[in-house]
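This is the structure, below, for whatever I ask next.
Residue numbering begins at 1 within each chain, and the chains themselves are lettered A, B and C in the order written.
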Amino acid sequence: MKDFLKSSVGRKYIMGLTGLVWVGFLFAHMAPNMLILFSAELYNAYTYSVTANKILLYAVEAILLSSLVIHVLMAILLTRQNRVARGAQYAVSANGEKAVSWGSRYMAAQGSAILAFIILHLITFKYGTYYETTVNGVVMRDMHRLVVEVFQSPAYVAWYFICLGLMVFHVSHGAASVFQSFGILERKLQGGIKKFAWVYAIVIVTGFLSQPVYVFLFHK
Amino acid sequence: MEKKQNINLKLKVWRQKNAQAKGEFKEYDAKEVSPDASFLEMLDAVNEDLIKSGDQPITFDHDCREGICGSCGFMINGEAHGPQKGTTVCQLHMRHFKNGEHLTIEPWRAAAMPITKDLMCDRSALDRIITSGGYVSVNTGNARDANNIPIPKPDADEAFLSAACIGCGACVASCKNASAALFTSAKISHLALLPQGQVERKQRALDMVAQMDAEGFGSCTSTGACEAACPKEISLINIAKMNREFLRASVLKKEEVGGGDMA
Amino acid sequence: MSVKLESKIPSGPIESKWENHKFDMKLVNPANKRKHSVIVVGTGLAGASAAASLGELGYRVKAFCVHESPRRAHSVAAQGGINAAKNYQNDGDSVHRLFYDTVKGGDFRAREANVHRLAEVSVNIIDQAVAQGVPLAREYGGLLANRSFGGAQVSRTFYARGQTGQQLLYGAYQSMMRQVDLGNVQLNTRREMLDLVVIDGKARGIIVRNLLTGEIESHEADAVVLATGGYANVFYLSTNAMACAVTAAWKAHKRGSYMANPCYTQIHPTCIPVHGENQSKLTLMSESLRNDGRVWVSKKKGDLRAPSEIPDSERDYYLERVYPSFGNLAPRDVASRQAKYRVDEGHGARGEQAVYLDFRDSIKRLGEDKIAERYGNLFQMYDKITGENPYKSPMRIYPAPHYTMGGLWVDYNLMSTIPGLFVAGEANFSDHGANRLGASALMQGLADGYFVLPYTIGDYIANTKLPTVAVSDDAFKHGENGVKEEIQKLMSTKGTRTVESLHKELGRIMWENCGMARNKQGLIEAITKIQNLKEEFHHNVLVPGEAVGVNTELEKAGRVSDFIELGELMCRDALTREESCGGHFREEFQMDGEAKRDDDKFCHVAAWEWTGEGKPQSRHTEELKFENVKLATRSYK
């Protein structure tokens, strides 16, 4: 096991596994967010329900946090190894048929931006202003109000758009290459998986972007 | 069959006296280049002029000049083996270039493949990866009849595609991480696909991956640059197979109990 | 110091010679093998297979190659296939038939016993390769596939698309690297052998130049194997790789190893024609293409029409016309000569030095997919080089120097006239006579390395007193000094002619006078021209840079210098052999355009002995006896 973790291939498995946790989480996070399109009450009720069971919440948070930490740690290790391996840079980089996709080339940079985004995101929302509201007689946090408030700021919206834009590349490349890293890629799956990953990433990100769009349309 | 016009090019070539020296780019003119000439023949002509004018010719590795020995290879405008896909630089012909084009020519760059002179580098690390386990342990004379074990044609064909790697190093050179994953995986999958390779399958995957890391190559981040640069169009699928083989071996590898030699 | 040429062919019927000989040979016990060392120079098919097999046996092997990796040896470029008498196709093949075809294909100028052994072990080679994981082509049933090659009427050629040499080489290379891993083989890359060290009349070591540092190194051993390939680059333009040279063999020749039949050179019929002055090498289009391609020229002289505009009635499928029973699969020497005749008569494709190789009919019959599966990589290569699509219009091809049947003389044990110096693969002269059949070079290289040398070297070591030698001995110091002096001479000439231009000039002389057709007058002239060129070389060569570190021009200069000397010997050999046989075609000796042998006067091997700098070599002969194949006029009609 030690050899496995020390090898570049083993580390890729870890990267993929922890990334996959977050890829799954993104969907679980995005789908209920759609409730905002239906009603503020539903939105808040959902927020209330997921935070009600503290044990479950902490367990999920622990998995997410440890996945993130390991993912970032591995990324740092591999990136450092890769920098050393590369040595000198070329004077000219490829731009013809042999060039690589932008998404795959700058995974580390995208990852850093996304990490910053996650931290800021938590500060803004999870640890943001605590408004209260009552739905069906139950007192709960008014997440809806906070969201509407935050997305009033054009600067925040711009930042949100940029980071989610990066997320499309990061997630689509990650979701496709996890098949590669896990060794489940077969010749006949090659094209399909790439498309699937792009569709998945775009759906996720579009879902999230519905939040500021909703705010812009109905709460300006 | 109209005769095409000869072309003139401006070259910016990396010159480095030896492994220790600090290199630099120098500019040269390639004049009256026939579009039927290969890229190396164009450099030959530049070299002839350099020698005649008392300069040092540009050193580059080359041998068979038919795209199979894997000796040649350098970057042309940032692309390994130049712009044409599935082609070594010796098989790249000048008809693909335009009159007046500027070309920047650089050696492969990777810490594990240090430059030895000008455009020549030391790729012996790739040999050491093979030495670590890229073979079937069968002594001469031990073989059974060749048709003893039928091999499904699709498997044999797939194994051939992996075995077609010429070890030129373009995959490493074009990878932003200088990863040798494509090279290593091609040999691992070639032998894993064949019945003859089964006995040592697990140990081979472990040993070759370990050697690849030990040589100081980077890790694969699936950019696909290697596949695009590969003159033999070795597929990324091989890397997936290597990862699978490695995981399988890490999980299933039996402890060695030793003994057996004591009789 | 003249040596009598003893072929040491074992007695007994031809089928059991090798078997009996193997039993009669002495063995070295396993513990003693470790005490003996063998140097193997060259790591192509013959060298790598020999190094691997000797390492497996337990000898301490030191392998040397000029490349940065053994995988780059020019065996890698062999395309079409490897012959073996497996008779998997049930089409009447047998060891005897392969033996017969090879002797006949060589125009009765090879040693029967050697060829029979080659045919015998051919089957083991395929077994060995498959066991190593060489991905040879297979049928849907999972069994090995075969194709046909020239000079045979059975399908006995095994292949891996158009990359058979590559795959077989990697098999041998990987086996050798396994021995490197086990510590039995010490691999020395980027080393060029520049002298052979002979002590007490036995080969005991080599002097090499480290091509990275420029250092001159000595290496000692109990026996030396040369597997350094052929010398077709004497023609400058050939299908050989740029580094293919005669240098190692030539240095051994100068130390007493006889050079046999140097005039036997193979001009391969299907190469991509020359495109211009700056061309550096020629590219072969595998003979396997003639399985499905038809060779033709226009019946009209000076026909400038595009091939598609020439109707069938105006095409001359000359190989099918002249050789109805072998058709497009006539052997190489024959097919090349016919191409030359057509072009000389003015039928060249679009007036140029080329004939057509056409797949139109096969594509119609089998479909483009099938043709692509069989020859895809070759078609692609043709397209890359010429910019023409061979699926749409026929290939244009012309003969080019490809292989050399001549080489250092060896006895049945593959030992040269210097005891302890063994020669394997293309570097020796042994198995192909005056013409090699397609797909037989891979067979011979691997036969020598895997199945012959491991036995015969053991026999030599067991039978020979080999006192310890060290690289500090005088013989080594003397060798090193000689090499250094030669390098110094090349570096200090500082003339005006580049090595390349001198090589080109030599190539032109050789191609015009000692190429596909030779005659007395031309050969005599060529000898004078080469002697002048030698003068010019030594007084006017320009080698830039310094002797320290990488200097590719210096490497080339040494090689060209040896090619010049060899060229002269080739012409002299061709001049003396007053007959035509196989690839050696003397215009004075022909019948209906076919080679006319003179078995009364020339049924022998000519082996040339070096007699000193500036003196002509002296000629020795080894009579060839044909007891199992009747000497006959070779006919493919």
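Quick note on the criterion: contacts are C-beta pairs under 8 Å (C-beta built on N, C-alpha and C of every residue); 3 or more make two chains touch, one makes a residue touch a chain.
None of these values were measured; they are calculated from a predicted model.
Student: Name the chain with the Cα centroid closest to the overall protein Cα centroid.
Tutor: B
Student: If you average the Cα atoms per chain, which one ends up farthest from chain B?
Tutor: The most distant chain relative to chain B turns out to be A.
Student: Let me have the rounded angstrom distance from the C-alpha centre of chain A over to the C-alpha centre of chain B, please.
Tutor: 36
Student: Taking the mean of the C-alpha atoms as each chain's centre, how many Å separate chain A from chain C?
Tutor: 62
Student: From the mean C-alpha coordinate of chain B to that of chain C, what's the distance rounded to whole Å?
Tutor: Averaging C-alpha atoms per chain gives centres 26 Å apart.
Student: Give every residue of chain B touching chain C within the complex, in rising order.
Tutor: Residue list for chain B touching chain C: 1, 17-18, 34, 36-38, 40-41, 44-45, 48, 50-52, 54-57, 59, 61-71, 84, 86-87, 91-93, 95, 116-117, 120, 122-124, 126-127, 130-147, 150-153, 156-157, 159-160, 163-164, 166-167, 190-191, 194, 196-197.
Student: Give the list of chain B residues in touch with chain A in this complex.
Tutor: 12, 25, 75, 77-80, 83, 85, 104, 106, 109-112, 174, 176-179, 181, 206, 209-210, 212-213, 216-225, 228-229, 235-237, 239-247, 250
Student: Could you please specify the touching residues of chain A with respect to chain B in the complex?
Tutor: 1, 3-4, 6-13, 78, 81-82, 84-101, 104-105, 107, 173, 176-177, 179-187, 190
Student: Which residues, counting only chain C, touch chain B once they are in their complex?
Tutor: My answer: residues 49, 52-53, 56, 67-74, 76-77, 86, 88, 124, 126-144, 160-161, 163, 166-167, 170, 173-175, 177-178, 180-181, 187, 189, 212, 241-243, 275-276, 278-281, 283-284, 306, 350, 380-381, 384-387, 450-451, 454, 496, 498, 500-501, 542, 544-545, 549-550, 552-553.
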